[in-house]
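Heads up, the next two complexes both have chain A, just with different partners, chain B and then chain C.
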Partner chain A sequence: MFLKRYLIPRLIQYVLVIVLGITAVFFIPRLLPNDPVLRTIAEMRARGAYLEPGAMDKIISDLQQMYGLEGSLWEQYLAFWGRLFRGDLGVSFFQFPTPVIDLIMTALPWTAGLLLTTTILGWVIGNLVGGFAGYYSNKQWSRVLDAIAMVVRPLPYYIFAFALLLIFAYYLRWFPISGGARLGMRPSWSWPFIQSVLWHSFLPAMSILVLSAAVWFQTMKLVVQNVNAESFVTYAKLSGVKEGRIVSRYVIRNALLPQITGLGLSLGLIFSGALITEIVYSYPGLGTLLYNAIINGDYNLIMGITVFSILAITTSVLIVDLIYPLFDPRIRYM
Partner chain B sequence: MSMKNNTILRTERLHAHYILDVYGKAKVIKAVNDVDLAIQEDEIYGIAGESGCGKSTLLKALAAAVEPPLRIISGRVTYRIAGVEVDVSTLTQEEKRKLRMEYIAYVPQGSMSVLNPVSRIRNTYRDFIESHISVHQKGEAFALAKEHLTELGLPVKILDAYPHQLSGGMRQRVTIALATLLKPRIIIGDEPTTALDVVVQRGVVQLLKDVQAKLKNTIVLVTHDMGVHANIADRIGIMYAGKIVEEAPTEKIFSAPTHPYTHYLINSLPKFGDKSPRESVPGSPPSLANLPTGCPFHPRCPHVMDICKQEMPGYTQVASTHKVACWLVGEGTHGKAA
Partner chain C sequence: MKLFRDLLRDYRFAFAFGVLCILVAFALLSFFSPYDPSRWGQVPRDLRPSAQHWLGTDSNGQDIFWTATFAVRNSLIIAVIAGVVSRIIAVIVGMVAGYKGGTWDRVLMFFSDSLLVIPLFLIIVMMAMLIRASLNLVTLGLLLAFFGWAWDARLIRSQILSLREREFTQTAILSGTGTFKLVMNEYMPYTTPLIFSTLINNMAWAIGLEITLAILGLLDLATPTLGTMLYWAINYQAILLGRWWWVMTPITLSVALFIALYWLSVSISEYLDPRTRVQRVGAG
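Moving on to the complex of A and B:
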């Protein structure tokens, strides 16, 4: 029943969303008024290169092939899917001729490592602290935390990140000012490299962690205050259930339900990178890659990163949907 | 009056008010005003009244669950524990926590959300049991729960269910079973039959009666449903605007109601064979934040006199077990409830 009534339609929906998303990714750049081939030629000319008419035609057809611009729109579309299934996202133009997939795969571990850790840690810390602060909302420490969150949360992220960078990297010089690891180090599982990565990623991680924990804290606190007024909590209190049990198994457990959905969504967003973080800290992740791709008009790369993030978001939403009944027994897929 | 003191739960001139801070101005909601109760062992005491008359607040005070913004302004609530009267305001938080369920249990209004929606009934039972008795072996709480359910004639397999999988009536039975698990001396029921259909209500009332007959303990039952009171209560207190305006054994309340408000409550009940339209109390209950002077019922009372608008009468004993606070009957006096 579950398979036929829920899982299969849900999977069809999943595939459909991906197909539509990727189709949009295919069409939108093609609707733009500028032609990447002509643009490349113009750039070559601007640099003073002289081209023979025959060589010019050869270059144009080569470029069209690399951009997947051969034939009618429909032929291009089919060819695009064909290449996609082979994992071929074309070659990058701003780092010619590295394949897009290689660039993404190099940047992905940096972004995933940074954002996976901070997203999960921020969620855990924010919800735990917010849960207790919501339950004990009359206590002094809870009000202090609330005030801190209220000040921190509305700070524009780029200002906060930049302030951290200025204070701790520029003036105090406790942390490096840019990069993902010491220059010239080869990525490996050796201790010096890991140490260098941790040291370099500390400030970007903190900038994300503090703000995201503040957001989770505030939402969790509100949800907890609502759950606290539910009659099952009143009933447990009036029956003398120990406070520790009430906080953990009654209040926080129920308040976490909407937060789990939120976590799933923010995990999906990881794969489009943390653009501002990576720019501010010159961090070698997907965000920086996307930024460079955009300013250099590298269509293949933009499309590649977008395809990745479509896959990541739809997949994480699917996973949250499928595992949700584990957390809330009232959700049943029949 | 027998010489032996059987009073287990007593309030003396109890005033409990909500003190709210509304934009810097204190707002006082006088939910319980001058209530004297003396509830006996092995008795089912019903508290009746319209919505917004302070019934639930009185229950909070009785259950020693007074939390800001609710405050006890004056008077006291005492429990008789092992023959000794104890003022609940002298108890520590932990002492009060221990008393709950073991000595005084609470049965909430039957609604969807009384049981933790994300845990199985067995886990709720375990949480409640393990908070009160130290369990040495795994499964001991479960065994106790099973035994208790069997004793009450409820199916044991409900322990494996989640609350949303049970019917409203079954959920309420589960709640009653849970509340009575540790054989409390006092059970406080806050509208336990409200939100259930009449057939299920009957079953729930019967279950409460059975439990009381077995434990020979005290039930304080609050409901606006006079039919339920007629069915289960030994004695009834009629509450109006935070005061008990009349108190008598159930049959007296129904056969010889004295307070005009009680008259209205009883006359609004449908009767077999009587097709005349039922009359309800004219007007609506007063705001507890802004009570009328004198007797709070005077704006709605058909027999209102001048004195009613100025002063609240004390209690007059119209019979040894029947007291009423109404100027029609007399000036009355206040004293320690028997």
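Moving on to the complex of A and C:
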């Protein structure tokens, strides 16, 4: 039952979305009237990029392959997929001849570390605080938190990031203005390096954490205010169950399920926002890599990052969706 | 008018409406600007705020106050184009999916779900990169509109689904009303509030994405928008060099704009239906 009703349709959707996304990546450069290869090369020249003659030939053939300009459209499309399956995203132009996948893998730990911690912490904190604030919605502190959330909530991450940067890095000078670790430090598992990384990533993390916590806080508070009116809560109160226990055991738990679905749906947005936040702080993750790729007109790298992100996001959403039945006692198909 | 007076009683609506009026007035000031926004080096560079240059000047040699008036105007133009055009797509998709149902529904919803799951912003970056030369306020607005309808189409669809089950639909069909007329005359009045509140949210989204694309350097950087102002500030390391007034102006304006739009949409949708607040906030 579980397999047929839930898992298989979801997996089919997963594959279809990836195919659709990557097909879009393949076709977008073709929708345009001009030759993408010549265009890219002209753009690189216009930017004053110096290339050795050998490098130029390699790039032209690479571009032709990447844009799939060899053979018929269908063959090109299949070849494109073939390369993807081998994990081959082509070579970067601006750091020639480093393969795109290597650049992505260098930047990935930074982004993954930042995103995983902030998304999970933001979700947990937002839901816990929101749950209590919803239960005690008449208290003063609950109203204050609500007001803060109303102000912070609509801001994009990077706007908030700029505000934090101005206050805490420029004006108060508590945190560094940019970078991922102190200049010249080599990545290692030593304590000074970890300390430096944590210190540098504090503001970027706060930009994402506070905003996403505000989103979960608001939804959770509203849902809990509704759950409050349910008879099982009244029953628990009348039976003399401690308030803290009612909130954490009965109320929040019941309201948590839609929040899991919400988490899945918002992953894409969080990801996009985080990329720009990285640029604001010159944090050495995928966002900054993307920025450099755009500045240098490195189309291969942009395509690589896009393809990679499509895979990463859709897979994360799939994982969240597959975890969901484990939390919902009503869904037990197995 | 009565509706408006009722809404004004909500302090959030009153505040947001006031802020928006101020911002629009600010944008209209651009028509009286003594400077040409596309020309650089018209004033001395990097001056602090003073009586002569209220918000200082930037490293391009532009007066920040007057550049900002153009920036707000241009950002609002992009937002309105993106918002209105994507509303049209969202309404059509939502209504066809909701009313026709079946295969139409499944295919259209598959597309809108895909748009929600795929990190769209990267696809938009790729598009913007390729059509960069022809990106202006209108084409950017249309590009954003093309991608910005998915979530709202879903909301409209679910409303149509529930309207379709109402009795008046049966009555209308049995008395020979055509589909188009039914949708236009009977369904539109119900969905208008939803369309309007999603319009405001979508405008905020478009402004945010405009800023994103500009920070990445993908827009016409000679046209002042909130995003391009930030782009130049980042490009010249304004914070590192201590030119806070340069960063502060677009940031303050964007914060005011985002909060005003959000409060407007929250107060309107709460006024129209207290329950929609749960749904809308859930949108992430």
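For this structure, a couple of remarks:
In the analysis below, the second predicted complex is superposed on the first by the 272 of 334 C-alpha atoms of A that agree within 3 Å, B and C clash if a C-alpha of one lies under 4 Å from a C-alpha of the other, contacts with A are read in each partner's own complex, and residues count from 1 in each chain.
Just so it is clear, contacts are C-beta pairs under 8 Å (C-beta built on N, C-alpha and C of every residue); 3 or more make two chains touch, one makes a residue touch a chain.
The structure presented is a predicted model; accordingly, all values stated were derived computationally and were not measured.
In the superposed pair of complexes, A:295 makes contact with chain C only, with no contact to chain B. Shared-chain residue A:111: touches no atom of chain B or chain C. When the two complexes are overlaid on their common chain A, residue A:165 makes contact with chain C while staying clear of chain B. After overlaying the two complexes on the shared chain, residue contacts for A:232 are found with chain B alone; chain C is out of touch. Note on chain A: of its two partners chain C and chain B, the one contacting more of its residues is C. Legend: residue contacts after superposition of the two complexes on their common chain; A:153 is shown touching chain C, with no touch to chain B. Of the two partner chains placed by the overlay, only chain C lies in contact with A:268; chain B stays clear of it.
When both complexes are overlaid on chain A, the residue A:240 reaches chain B alone and has no touch with chain C. In the superposed model, A:254 lies in contact with chain B only, and not with chain C.
Residues of chain A that lie in the contact sets of both chain B and chain C are absent, per the superposition on chain A.
Residues of chain C touching chain A in their complex: 12, 110, 113-114, 116-123, 125-127, 129-131, 204, 208, 211-212, 215-218, 230, 234, 239-240, 242, 244, 247-248, 251, 254-255, 258-259, 261-263, 266, 277-278, 281-282, 284. Looking at the complex, you find that chain A touches chain C at residues 13, 16-17, 20-21, 24-25, 28-29, 32, 36, 39, 150-151, 153-156, 158-159, 162-163, 165-166, 169-171, 177-178, 215, 218-219, 222-223, 226, 258, 262, 265-266, 268-269, 271-272, 275-276, 279-280, 290-291, 294-295, 299, 302-303, 305-306, 309-310, 313-314, 317.
Residues of chain A touching chain B in their complex: 138, 230-232, 234-242, 245, 249-250, 253-254, 257, 327-330. The touching residues of chain B, counted against chain A in their complex, run 63, 65, 68, 96-102, 105-106, 108-109, 111, 113-120, 123, 127-128, 130-132, 162, 164, 175, 178-179.
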